[in-house]
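Each chain carries a letter (A, B, C and D) given by its place in the written order, and its residues are counted from 1.
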């Protein structure tokens, strides 16, 4: 018979390396037509990082996403970056980009302030214009500003900067310290059915609500969450590399069972409204944490459905049925 | 992949002649979804592929006076889309649907699946409970036999190296016979069967008539559970009977113990799923 | 042996060893690298192409078997003026992340919509179950396929 | 111009003919003779990319268009004239001393252009924390995924056949596979010495033993997790090519090229200025492509053969020789009061580190710090150990230990709620972090949104409405 169950799990997750330095550098160049080029040493590994980094550069310069071209992944061309790891790209590389773009922007402020008869700190870059704070009708287009700065003033709008999250060494005896600069939080809830005669678990739905600070691009954050959950589902129910005397016995996609489209449930994804003042425009990160609470939520739902606690992953149908039968035997023994 | 010769003969007779000529070195190629994988990864002495997938003699689905004939080179996708199959042998369609994924079903053929003869061949149990027969052609002419006799051992059929499977015939009296198929795999998409189970039966005056139970992936070949069928035949359906039949299915099976599942778990599945397909077949029989 | 195909509407041929798979022929002899090699045994679906109207894993099909057939690869979905509705919708939904499963996924989706332009979510899941994706959880892919089906229906109704 | 191109093409073809006569098994070189692919050039990519402010927009990713057109170039889509294909022979045993390697038979095969063994690598070690991993194992192989020798040949098939001709004499050594057995005193030692523990971590706050004694309920359970593979759809791939200035360029699926260049500089003993890494679009990473794998091997094979050399992992290589997720054995003891308030959590983690350290440092760090869960707990003790075993190397994978400990701490939270008759949501809200909570390392936490995520998830799910 099929038994319905629901389970929740929450989690916290840090951004960047544990104490260790993990800097990023960035260079932003604003072109004379008001477009810009961003150089980053990170690599696009599918998350949409380059799109997000372009959005961060654009935002700092008051440009639209499409105005910024992102150049990445060439050690001859692009600056140092610790890389696409540890959910650090939006936060660490993003912070470096904000700082680099601010330097380029500062050049524009300084060059154009005299034209607008204000001081540089009275200016902002917005809607593709350099404009006076509180008086936006007094403005100059970014294209004109760059043109002026480069051709008249002789100061091209280029900025380079680095960022490394500040941490505090952990005490070797007690581990006390500040290993990360910031963390994200999340909750996932699973709605499942367990067939109590075969042990098969069917996931009907997973609700996932994640905090990533400001979502720079909500569509891409959703994609990270949905993908992370599929990894969590595999971790929970199916996936395991098996060994015999140190040799893998299922090193192929026939026998290493990862979720197909038929194995994934409906997903309902939400984002918490949050802002981290230490991140670029309040952003933190979204890559890894999405895969963290899924298995726990599913195990709690199994417990809710059939009253057994799975203590070893993955919760294959065989393992779940074994636990159900063990429980029945204990109950019978207890009379 | 090793060096191969590829020949696409014009007729079944030409294919048989080629196979006879090359002997053990030759192998017929159907959908290739299993064979090409084997050729890539395992050493062997096959060097000539005789492509029989396009041969007219092995194609087509049609209802004849004898029953429903399915050509051996009919793909799973073709079975799933065929209106006669959908109406007359829905559980063969259901079993076809559980094979691999769309791409596999578009290439893979029902005959190829039977000839490869892995214990977990998904279509076999669904065909066996309908008393399907197979026709074989070879250098010595044609012969026909019940499908059970076709399977000899794991990856071994009755076929001589020069022989080919022509078609599968489901007898007329069993078209539309209440039946049920269930495949249990480790996931929903592209699953390999831990257990395949099928049942078919009729109700006559409230008693079970001509019950059939077949299982796949639980023994060296797909098997019928004759003792359980005998137990049910002529009996009124009851939970007790069904449970007993399933118990016999467990005893008659010889499931393996491997990394996919333990033998004892497979036995539990056999018990549960045999009961389920029998109950489901009874429901259909009662409703019709 | 000489294998002649009609690929994306154009006649193509190559002299290939008989053991050459269709995937190898497309990638190495015809320079069509859209279809990918992900597992080489028909599990992952990154090599999916359409042969004579049905989708197949081109890593499991010998090129010789496709001789004389029509083959559609990912390179044949768009034309010089517009994207296929699936390509448009995959892009709009951000359906692909690393993109490696994309060519196969889009071909499987096309194979579905060509036969069933108004699929249910389950039908889409079933149609894509031979295409593994590790990035997306399939969610946005499924949304994009259903959305593209709608566009194709509207286009058909308007034409 | 057209004539010039034609000349070049003809010359290239002549070269190929020469090569083919030497090496009959070579693949015909792909020379584009036509442009069969049609696609639009100037279609816009949607309004969201054009709007300001840029942040918060559901902007389309420009690579999405190329993915959909099949135009994204992954490593395996790139070819160069005269490019060779490499394959790597892997250890026959999970733990063995390599007595000798004889590549001479392989080298005699027509079309085999270079071979390589560990002894030929200038600095045969790498790793992000400890440089304990050889590029090619020599003289000890520590798991079956260890490369032992490599071959570059004119085709993949030929390279694979050449591997079979390499004779390796092994002296099998005792091996250990279970992390708890590896902790035992008399277990075989994967890297010699007197212990398999290669890194450990302690997080200590308050007085756990005292608080556990004072708790009204104490819960204990052991949890275990399994080895998991990243399964990027694109297997690891690289191409290496040298130019006449002695510079080597690597096209690589590596997700961190700056540090990758440092690793290459170290293993090849070459200045970084002579090394260029180009990271193409990576077809899935998830942590598994954050470490060099075959790049130094390809650089050296390319140097020896003076040709570009490509290597794409088979799916099998991907499983056995790339890194995978650490299995954890986790003992959780938690003391709570009748009202569900957690007073103390004592945790012991044993990480199955596989054969080499790789990213275990980060995994044990994050795993330990996160292990108590996102809860206000005054008394915490986490002791974590990573041990070597003769299995696949465990490294970075999405979450660095967090999915493992979350499975344990959240399972136990529900055990506690169940026993005390509390709603799972309620016990989490009662103990969960708030703004300015102190973490297990006594860090003041900011921008904490745990309870907001709990509340919103419960609402979306209908948690309260659907009480059983």
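Note that a contact is a pair of C-beta atoms (placed from the backbone, for glycine too) under 8 Å apart; a residue touches a chain by one contact, two chains touch by 3 or more.
For clarity, every value in this text was computed on a predicted model and none was experimentally measured.
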item	value
By count of C-beta pairs in contact, the leading pair of chains	A-D
Whole-Å gap between the CA centroids of chain A and chain C	30
Whole-Å separation of chain centres (CA-atom averages), chain B against chain D	42
For chain A, residues contacting two or more additional chains	45-46, 48, 219-220, 228, 231, 252-254, 258-262
Shared interface positions of chain C, touching two or more other chains	39-41, 43-44, 94, 98-99, 125-126, 129-135
Contacts with two or more other chains, residues of chain B listed in rising order	1, 101, 188-190
Touching pairs - complete list by chain label	A-B, A-C, A-D, B-C, C-D
Complex contacts: residues of chain D adjacent to chain C	27-28, 30, 32, 36-40, 43, 45-46, 58, 60-61, 63-74, 76-77, 230-235, 281-286, 312, 314-315
Chain A contact footprint on chain B (complex, rising order)	101, 184, 186-190, 192, 259-262, 265, 268-269, 272-273
Complex contact set, residues of chain C against chain D	7-8, 10, 12, 27-41, 43-44, 46, 73-75, 77-83, 86-87, 90-92, 94-96, 98-103, 106, 132-135
Sites on chain C touched by chain B in the complex	1, 17-19, 21, 40-43, 45, 48, 54-57, 59-62, 64-65, 67, 108, 111-112, 125-127, 129-131
Complex interface listing, chain A residues touching chain C	45-48, 219-220, 222-223, 226-231, 252-254, 258-262, 264, 266-267
